[in-house]
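Going in written order, the chains are labelled A, B, C and D, and every chain counts its residues from 1.
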Amino acid sequence: MEKGILVMLRAFTLIACGLLVFVLSAAIVRGLPAIDAVFLTAESKNFGLEGGIFYQTLGTLILISGAAAVGLPIALGSALFQTEYLRRAPRLKKSFRVLMDALNSAPTIVFGLVGYLVFGAAFGVSWLTGAFTLAVMILPTMQSSMVEAFEALPETYREAGKSLGMGRGAIIRSILLPQCFYGAATGLFLGLARAAGETAAILFTATTFSGVTIPESASDPATTLQTHIFTLAQEGLDPRAAENAWGAALVLLTLVFVLLSAAMWIRSRLHWESAA
Amino acid sequence: MLKPTGLLGVVLAVVFLLPPGACLAAANNKILVEGSTTVIPIVSRAAERYRSIHPKVRILTKAGGSGVGAHAAGTKRADIGMTSRELTLHEIDRYKSAKLQTHILGKDAVAPVVSSEVYQTGVRALTKKQIGDIYLGKIVNWKEVGGPDRPIVVIDKERHRGTRHVFMKYILGDAEARAPGARLVTGSNNEEQTKIAQSDSAIGMLSFAWINDQVRGLGLRDGDRVIEPNLESVRDGSFPIARNLNLVTAGPPQGEVKGFIEYLLGPEGQKIVEESGFIPLGETHR
Amino acid sequence: MKTALLNSHSENLRSPMFWAVSTSALIALVAGLGLLGFLIIESVPVFSRQGLGFLSGTEWFGPDEFGAWPMIYGSLATAFLASLFALPIALGSAVYTAEFLSPKPRLAVKAAMEYLAGVPGIVYGLLGMTLLAQWVRNVFDLIDGNSLLTAGLLLAVMILPTVTTLSEDALRAVPRRYRETAWSLGMNRVATAFCVSLPMALPGICGAVFLGVGRALGETVAVMLVIGGLDRIPVPWFNLFAPGQSIPSKLGREAAEALGGGYHWHALMALGLVLFVLALSLSLAGRWFLTRQRSA
Amino acid sequence: MSDQIPAVELRIAHVFFKNHRVLEDLNRQFPSRSVTAIFGPSGSGKTTLLRTLSRMNDDVEGFRVEGRVLIDGENIYSDAVEASRLRQKVGMLFQKPCVFPKSIYQNVVFGLRHRDGIDRKAVPEMAENVLREVRLWDEVKDRLNEWAPNLSQGQQQRLALARLLILEPEILLMDEPTSSLDPRSAEAIESLIERHAKLRTILLVTHNLEQARRVCGEIVFMDCGRFLESPPVQLPPPAGEELLKKY
């Protein structure tokens, strides 16, 4: 009886982990044949059936770095606000956390629609609109990870700073930020990974299908790996489209996994350091 | 490490980046073309060639369907909207202020299409009534129209799509007719084509240019006569589900947009229309 | 509130750090409230014209009246299916990981779940469209593989890592002394896991499931490619082999046509509001359960 | 150093956490340039008293002070007083040393970075002086750039004290600074207190009556959040131990 249940539990765990292996191998088996130097460096042609995904990859990178540039300071600031300036107002602090949870739970397509309405009014369908939209979307991801890092810092560090007569600003600058650097970086990379995998939020706000090269102005749309795969996926009939879709999917997956690995690696350093 | 001064700098940069960003938006030499997935192959091919002649002009295309094309041109989100149907009364009324202008690019026809498996069992043509009944859900099995004993996977398109407009206008007499028999609703031509090919018992509607050996076009039976789904029958005016492929602009085209539309309507552009599987201007009897 | 914020002293007001930090907090606040605010404002025309008829209407057929019920049904049905399929596997692997694995393999499983959660939705969509839909058609002998069931299965895979990780955390949070007590009473590890740890972690596991379902509700592109896109409630209503439509899929398919204004747009925004409210209440309920677990 | 070494005075002060009164009826003056030991069982409120004097509890939810806490004749809980300014005058040494994960030298000069009017060139010399003061110089002079958290507990505490002394606080609050230290470090700190007795106002919380008698001019007894009315100065050591065990 006990044995049987144990075997079953193990099987479930293997299924769960096996899914990752399955997704990865599907992407590799189907996508690898598409990938060569030309595919990575050429412009896409003839509806993505020919050519490569250079500008798509570039577009994804532009969007996520834009999102990070906008979102990071806001996430960092609001995390500090929540942990350092709301210490004596636990109710306010809790409301702020609930607000971030709420933002986190919002479906991504909703960010896309509202992002179009707000940022699109200023920049039209453009990479900048997309970057702003993604920044709002990944804000709670980054923020909560940073809050966690700040709250994990022992109170004694803050008190040691205070006992030396340092103001709150000085404590943040000289103690909190250096000590929580890895925590903040973890949050940043988790947010970037989330942004890189997102399609619905940028479908209407940032992208067009073809003809995009390097954006020349704030009002230029981008093209991204995500939306490229989305279009090609609907064209599954043509084997070239399927192959290129999987090729792009493999590149995207690699990008996301690199970002995630970075986040995990930094986090492991974090634990290592606090243990030391 | 982000120093607080740096942090402050970034915050300020973001705040102060907005106005110049908005200014940048003004000076531009790009043309945004959005809309029908039937027209998009022509425009993208043309854009690729046009760029080799006019390297400074950037032409961006985006799919979405005829409804999106009309909406994008009507709200001036795009410089050119693509539609594979005429503007509806609702659209003309709604975008009155944009003074929409239509430029006919070429001609196309929509055929009822089926999975190759169905075609091979001998279903080669259907009457208007039969197709209508299939979409209304009155005919649900292929054997009722002389095919195999298999339920019909009826594939409909999103309601704003141009292809659906002209197809339903002919089959059910109303461009926006409901299709209670439908099993799937698809968007772009590519998506519909893929779903039909993946199935072994599907019926759908596609522009001629998407017909191939996995997705076969059906003839239209009218009494004893069968009108074959080929460009010949469109050229001679006998195929009834024909339509114009249009470009829509808000007001008369200006500058770079004008140049590109002229290119499309000129001999080079019309050659691309033909290469893409459509009928160029001035080649039909109607 | 002011005194709480400023500690009743003027120190903060003069510090640039305070201003930088509270500006960004303000931006975050505006973003959060603005999102909900815009959805509400944009859907006012719909609810003022149609009232709750918008929610119960079964025909999405403009230009003047829209009914959201088929989409709401589709969203709920797929989310329900997803949790149904994901739960046994997620719970099983959470129990196994938390109760039986030594630290190293445990961390490996956690990392695998984190990667799995990071796989972009569009990649799942591609998989669903090229593989899953075909399998579903063949296995269940359907005339077509695009159905509520397919979407539910795909969503199950997508929420599996979330539910697994959070349930595992909940199980790990059960103090060791309870397990040791059970062992000292002669219970074996399996019995301990199911009769001691699992019941004590139940609030946390509920929270995990709620958060997972909340995520499933919001998924757009993957669902869009396999659900069938038919705005209709299947007949009979529990026929999940039938195609359907979920709210995000509807938004994804139709938004481009109405972007920015018009009654159609307002109807879509109202749909977005319904979706947000559903996802929000699930997720807040989930968080509530999770904090209950932590404080217990 | 300023001649105006401030005195610390409590005027009918009560300290609350939420609605719980943890310190009450504190009414006493700690004169300028004196060393006072505060002695009492655990939980009697000694640490809270020190933290109140340096406003360490400002961030604690529900913390509230009634009455007046005067330093240099000024109520430190009035709105006009900035906590960090106050703490530049009032240095606090905690029971458990907290050194930053930086080098030894960086730790010593850590607080100086946020002070104005420091002559940069003089900093290394200042650092050496304070390290000599706490008798750490000989132990660390060759490895000032090494990682401070690697020091022993006693060395860390002396480092924390040096880090404080370099800022020349006028009032020094010490919360059982030697309770978990090796004798050598404890001795170093005690001797420093003796040497600085006439330079600063020092409040020393201790569990060790012997230590209190050795280094302090005066001993104040605390129990249940109050100063005991008639301090049993002649209390023999065993009785002190008993008082300890009571809690």
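Definition applied: a contact is a pair of C-beta atoms (placed from the backbone, for glycine too) under 8 Å apart; a residue touches a chain by one contact, two chains touch by 3 or more.
Just so it is clear, the model here is predicted, and its values are computed rather than measured.
Any chain touching chain C that also touches chain D appears here: A.
Chains A-C form the pair with the most C-beta pairs in contact.
Averaging C-alpha coordinates per chain and comparing to chain B, the farthest chain turns out to be D.
Mean C-alpha position of chain A lies 34 Å from that of chain B.
Mean C-alpha position of chain A lies 47 Å from that of chain D.
Centre-to-centre separation between chain B and chain D, using Cα means, comes to 80 Å. Annotation for chain A: residues touching 2 or more other chains are 73-74, 76-77, 88, 167-169, 172-173, 234, 236.
The set of chain B residues touching two or more other chains comprises 4, 7, 11, 77, 187, 198.
Contacts with at least two other chains are made by residues 58-59, 82-85 of chain D. Chain A meets chain C in the complex at residues 1-2, 5-6, 8-13, 15-17, 19-20, 23, 26-27, 73-78, 80-82, 84-86, 88-89, 92, 96, 98-114, 116-118, 120, 136, 139, 143, 167-169, 172-173, 193-194, 196-200, 203-204, 226, 229-230, 233-234, 236, 242, 245-246, 249, 252-253, 256-257, 260, 264. Here chain D touches chain A in the complex through residues 54, 56, 58-61, 82-89, 91-94, 96, 98-101, 110-111, 113-115, 149, 160, 163-164, 167, 169, going by the rule given at the top.
Residues of chain B touching chain A in their complex: 1-4, 7, 10-11, 14, 18, 20-22, 24-25, 27-28, 30, 32, 34, 40-41, 44-45, 47-48, 58-63, 77, 187-188, 190-191, 193-194, 197-198, 214-215. Remark: chain B residues 4, 7-8, 11, 64-65, 67-68, 71-72, 75, 77, 90, 94, 150-153, 156, 158-160, 178, 182-187, 195, 198-199, 201-202 touch chain C in the complex. Only residues 45-47, 69-70, 72-74, 76-77, 122-126, 128, 169, 172-173, 177-178, 181, 184, 207-213, 216-221, 231, 234-237, 241 of chain A touch chain B when the two sit together in their complex.
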